[in-house]
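In what follows, a single structure is set out as structure tokens and then discussed.
Each chain gets a letter, A, B and C, in the order it is written, and its residues are counted from 1.
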Amino acid sequence: MKFIPAAVAAIVVAILPFFLSGYHEGLAVYVAIYFVAILGLNILTGYTGQISIGHGGFMAIGGYTTALLSHYEHWNLILTLPASLGITFLVGILVGIPALRLSGVYLALATFGFAVSVPQLPLKFSKFLGGSNGIHADHSVTHLWLYVVSWSCAGIAFVLAWLLLRGRTGRAFRAVRDSEVAAASSGVALPIYKTLAFGVSGAFAGVAGSVLVLATNGFAQPSEFGVLVSLQILIGAAVAGLGSLWGVVVGGVFIGLLPSVSASVPLIGSSHGQDVVFGLIVILVMLLLPNGVAGLLRRFEPLVKTAIKPDR
Amino acid sequence: MAPLLELENVTARYGPVQALHGVSLTVDEGQIAAVLGANGAGKTTTLRTVSGTVRRDGDLRFDGKPLANVGPDGSARLGIAHVPEGRGTFAELTVWENLRLGAYTRRGSAKDDFARVQTYFPWLEERRAQQAGTLSGGEQQMLALARAFMQRPRLLLLDEPSLGLAPLLVTEIFRIIKELNENEGLTVVVVEQNAHIALQLAQTAFVLEVGRVALSGPSAELQQHESIRRSYLGY
Amino acid sequence: MTAFAQRLGSMRKNAVGTGASVPVVLFLIAAAAFLVIGSLVSNIFAQQTVAGLAQGAIFGSLALALVLIYRATEVINFAQGEMAMATTYIAYQLTLWGLSYWLAFFLTLPIAFLLGMAVQVVLIRPVQQSIIAVVIITVGMFILIDGLVTWIWGADLKFMKAPFGNTVYHAGGVAFSRQDIGVLAVSVFSVILLWLLFQFTKVGLAMRAAALRPAAASLVGVRVNWMLAMGWGLASVLGAVAGLMTEPTQFLQPTMMQAILLYAFAAAVLGGLESPAGAVVGGLSLGVFLNLIGQYIGFATPELRLPIAFAVLLLVLLVKPTGLFGRKQVRRV
């Protein structure tokens, strides 16, 4: 019963490419990329209550890992994904350690610093990391290949997240979010779970970053991973709302599709118009749904339940 | 004396939890009224409905006029001063700044209001620059009272003024309240767990039980009936 | 006189405002001494210090706006830089319509105030119970304002008349531009005005009370919502000042405040997120520090300026999260 929505979604995703043009396939890839990144952030913030505005940094590290491994060592592109996952997981753990001492807005600012600083590194070490021109993976891929890879990652991420969160780890995560003191006194080893959350979260973002690089002609450039990316992931997570995996789907769709939707609004025209529309829509969505899609779903839950089983 | 405060069938809730199930009481101008009852009976909530801290349904009249849901700042402007649980003192600000805030709704300089307050709390003058959070519990309670008086209210709502204070201080504070009532004509509604001392101060009392007035009357009467004392007042 | 002295005395014990403790003050005096001695010894040191102070003053002005909003509502306003930029464009438009620079400057301030208030009332107040929603709205505003300004005025560089003139003074081999001095003076002046407002006026006291304990403030008759709106208005004015002070060096373009916002975050944290004086001191310190590090440590090339600023931010957060002047404020309702 519970698996029906997931199965339906999987089928839709599988047959969609047959109906989409190349351009729209490309868009779908972006949806998948952001879905994975937002899922990562959602795990961190939604389930352990730690805020991060730094996930663009993890995406950058993952993306550069893919580009570098392909460019210098000629790795198979698919194999770079687990490598990226591993490396960003470790970086996530490293970031999670000082994060233990921070919370709330302080943590947000510190992670923001991380996101801002990481793209500067390729500019500094330009010889090895390619400077502002970036690093190029050694071969390019088709739209369909991208679609399959990105949505496979998305599917795997969804399942992994679901498994992780329903088990003991998930309960521990939720306990940390709701009350650190209570969690610690009931035996949850806080530092381990909090850093673990950062590691997992970063790993998801890292893989998303790798796929992003593959989707942009194999180029990893600092400009791709600017502040805006971290902000977009944050927006996506807020739109998704906390505590619902399906909300994350909506969040991914929102961020993946909105830029191009904004660009196609006729009256204002071209790139600046896109920002105006995007900004307006983000604001409107937050005004209407402060708790995101998850909040909306929670409000509808009792209604749905009464529809199925009417009150006496 | 005309009634200053009238509650008729006032209900209030915190989210899904109904706290007041229909409270009706009347306090005349110049009276001191005590609101008593066990924990959770709704005493604090009753005060909150008057000051507008909590939304309510039912009739509430202040000085004969219906009181809309104006919120705490609105009721302050109408002449209702509420000293809440925890005293509502600004611990981070100085004594003088706390007093200035008490006089916020008054026109003109706070200094004139302060002159009157000083007669009841002479020790405040030398402590003006002290950070309010560093005062002792009793001093903070008196500061809260002084601040409320700076407002020159018509109605003073006090939530458990004796809480956490040594008996000597409690006596002192209640003495000051009585003075304010007698000299300034200040109407007082005081919520208290310490029913004994509250009944000695007040002329009339209301005993709340599960969000309703279970018992009311002149405090002398309630003090005398032993069965009432035992069942409702615990002594 | 005694009342005033008493009030001054209470400043030291007062938790709001300059919560500087003795070790911090001593540290700052030592640092200042170091800068003076270094400047006397080396011209390059002096030049970098002066340039650093001028840049730092700009970081500090924007940090001041951030701190004001954070103090009142515990929200980081990601759109602060863009609001500052937009109000600077408004001033620019006023000069295009024929007003002199300073007339435009002083007319922009009340406009900025009203805009700031409007933002709080229309966009922030409806969702103020959810901090995440407020932050996202400020992010949305960031993007929206950027787009709006580019749409209305275009992305090309524009120029306003220099407010303090272009004269450069030379003293002992160091160049001081009138512009730098002017920016410094304006920043310090803003902090002083703000301090006067908060310490001595009824409105200032009410704003502090509303920020510290909204429920208690409400009970004494303070209209807390309006105080918050005024806080945003005030922050917007400070942002406008920061933008106008930035324009001479960065020129007028939609991206002009973006990097500065980032440095302003670091400056605000360094100074203490709840301290206005700290914001300015933090900004000045950061500006000088970055310049000196850039000059004397070869590894620290310009690309690393932002990472270094954030390394400072991280260090402060880990070692003394309340910053130089901050004091642990227990937020209660």
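Here is the rule we use: a contact is a pair of C-beta atoms (placed from the backbone, for glycine too) under 8 Å apart; a residue touches a chain by one contact, two chains touch by 3 or more.
From a predicted model like this one, the values you see are computed outputs, not experimental measurements.
Asks: Answer with line, ring, star, complete or other to describe the graph linking chains that touch.
Replies: Line.
Asks: Which pairing of chains gives the most C-beta pairs in contact?
Replies: A-C
Asks: Calculate how many whole Å lie between the centre of subunit B and the centre of subunit C, each centre taken as the average of the chain's C-alpha atoms.
Replies: Each chain's C-alpha centroid was found; their separation is 43 Å.
Asks: How far is the middle of subunit A from the middle of subunit C, if each middle is the mean of its Cα atoms, in Å?
Replies: About 32 Å, centre to centre.
Asks: So the centre of each chain is just the mean of its C-alpha atoms; given that, what is the distance between subunit A and subunit B in Å?
Replies: The separation of the two C-alpha centroids amounts to 53 Å.
Asks: Using the touch definition from the top, list the residues of subunit C that touch subunit B in their complex.
Replies: 6-7, 9-10, 13-16, 202, 205-206, 208-209, 212-213, 215-224, 329-330
Asks: Over in the complex, which subunit A residues touch subunit C? Could you list them?
Replies: 98, 101-102, 105-106, 108-110, 112-114, 116-117, 120-121, 123-124, 227-228, 231, 234-235, 238, 268, 271-283, 286-287, 290-291
Asks: Quick check: in the complex, which residue numbers of subunit B touch subunit C?
Replies: Going through subunit B, the ones touching subunit C are 51, 53, 71-73, 76-77, 81-82, 84, 88-94, 96-97, 100-102, 104-105, 128-131, 133, 147, 151.
Asks: With touch defined as at the start, can you tell me which subunit C residues reach subunit A in the complex?
Replies: Residues 70, 74, 76, 78, 123, 126-127, 129-130, 132-133, 135-137, 139-148, 150-151, 155, 258, 262, 265-266, 269, 273, 301, 303-304, 306-307, 309-311, 313-314, 317-318, 321 of subunit C touch subunit A in their complex.
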